[in-house]
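Each chain gets a letter, A, B and C, in the order it is written, and its residues are counted from 1.
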Amino acid sequence: MAQLTREADTGQGITDMKVLHRSNEKTIIRFDIGDKFPEALAEWCEKEKVESAAIVAGIGMLENIEIGRYNGREYEKQIVKPSSEILSLQGNVSMKEGKPFVHLHVSLADEEMYVMGGHLFSGTVSITIELVMLELPAKFVRIPEGGAFWRLDTPQE
Amino acid sequence: MAQLTREADTGQGITDMKVLHRSNEKTIIRFDIGDKFPEALAEWCEKEKVESAAIVAGIGMLENIEIGRYNGREYEKQIVKPSSEILSLQGNVSMKEGKPFVHLHVSLADEEMYVMGGHLFSGTVSITIELVMLELPAKFVRIPEGGAFWRLDTPQE
Amino acid sequence: MAQLTREADTGQGITDMKVLHRSNEKTIIRFDIGDKFPEALAEWCEKEKVESAAIVAGIGMLENIEIGRYNGREYEKQIVKPSSEILSLQGNVSMKEGKPFVHLHVSLADEEMYVMGGHLFSGTVSITIELVMLELPAKFVRIPEGGAFWRLDTPQE
């Protein structure tokens, strides 16, 4: 992958991501090799003041991935080190403690092409991610519910 | 999960679900612990006269899940009892025998975070589901085709 | 599946697919038994001059499926022969060497309902596919990056 180029698209140095399309509530973002994900997405949402969105697709590859499974009190976590195909990303963006929070579940193919997955905590883009987001004129917030669970909600009037 | 609260958002007692956003053909619904799924979604579609929709994302957790695999004549079914992370939901809403019918395929992570899935018949929400639906000005119907297969179609003129 | 009917919906003989809805950037297409997939989708995009789209959902069944995993230089490929439930499809359409190119990742349930998947090269529809696409007023192109990787991008000004 020696020829892979990196361009500072944002002009802020936080990530090499590039917004490929953004109109009519639909946003397509490409993340590039080395980007932290979904951290880079959360940073972009903060910069762009995106507070409420649905994430409806995302394919590419990640490595050094931390995924989790909620056991009713907390997340049991697991590390997937090898570069793995992302088969699906689904989730949303909401405001949690004053900042955009990215909630994503991921499906990943291992080297035999069998699939693992869970709540996505973090990973490093190992080739690309092609993400599809619906930016919504909504007000999504996270409300603590006990344990590690924060309910997706709208603000109390 | 003792602190989980239940609110009768619909005022009709069928479910604790809450519509978090609904505009410009995009609807975000949260289902809550104890809701039957996708039964609660079908009931909501009937109440709201939603006849045609695409379901493009849904994450959360289900338990006591019945999934199936079509063998060309009928569905071979399997029960997944433990509370499982929903990694993806995709499908649609159409009219079948006069009522809204929810067709969904689901991916579920087991306790080792390996993934099972199939056609989703039923389950009980064990923490939350955050669903993304596109309500379409379309006319989707289901036409029987033999076996257990009903083709997604538009009405004959 | 003897009763399954085939109709030449496109009038061009390339496929039995049927466009069930197409408005406001949202397109729902049904593919039918025997259709090559995603080849039939790429042909339809070429005929309809669809150059940029996000594919956000697709469920149904495929057989004789070729999937791949990118190892940093090339795709390692695997054939899945049995008819398998498609649990998710995500990806996009862009222009590559002058033609619409369909980039899709797929999750498939095997006969025990465990899930495999990867980059979707080809398959044959074994019952139906119900696809959800967002047709975007964008300009997506593929730029060669070395190895088998073509970066999703927008044209250089």
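Criterion: contacts are C-beta pairs under 8 Å (C-beta built on N, C-alpha and C of every residue); 3 or more make two chains touch, one makes a residue touch a chain.
The structure presented is a predicted model; accordingly, all values stated were derived computationally and were not measured.
Considering only which chains touch which, how would you classify the arrangement: line, ring, star, complete or other?
complete
More than half overlap in residue numbers between the two sides of the subunit B-subunit C interface, or less? Answer same or different.
different
What's the distance between the Cα centroids of subunit B and subunit C, rounded to whole Å?
23
Give the residues of subunit A touching no fewer than two other chains, as numbers and ranges.
Only 56-57, 88, 107, 114-115 qualify.
Quick check on the complex: what are the subunit B residues that touch subunit A?
1-5, 18, 20-21, 23-24, 26, 28, 30, 56-59, 61, 83, 85-89, 107, 109, 111, 113-115, 127-128, 130, 132
Could you list, by residue number, the parts of subunit C that touch subunit A in their complex?
Subunit C reaches subunit A through residues 25, 52, 54-57, 67, 69-70, 72-73, 78, 88, 90-92, 103-107, 114-119, 134, 136-138, 140, 145-147, 149, 151-154.
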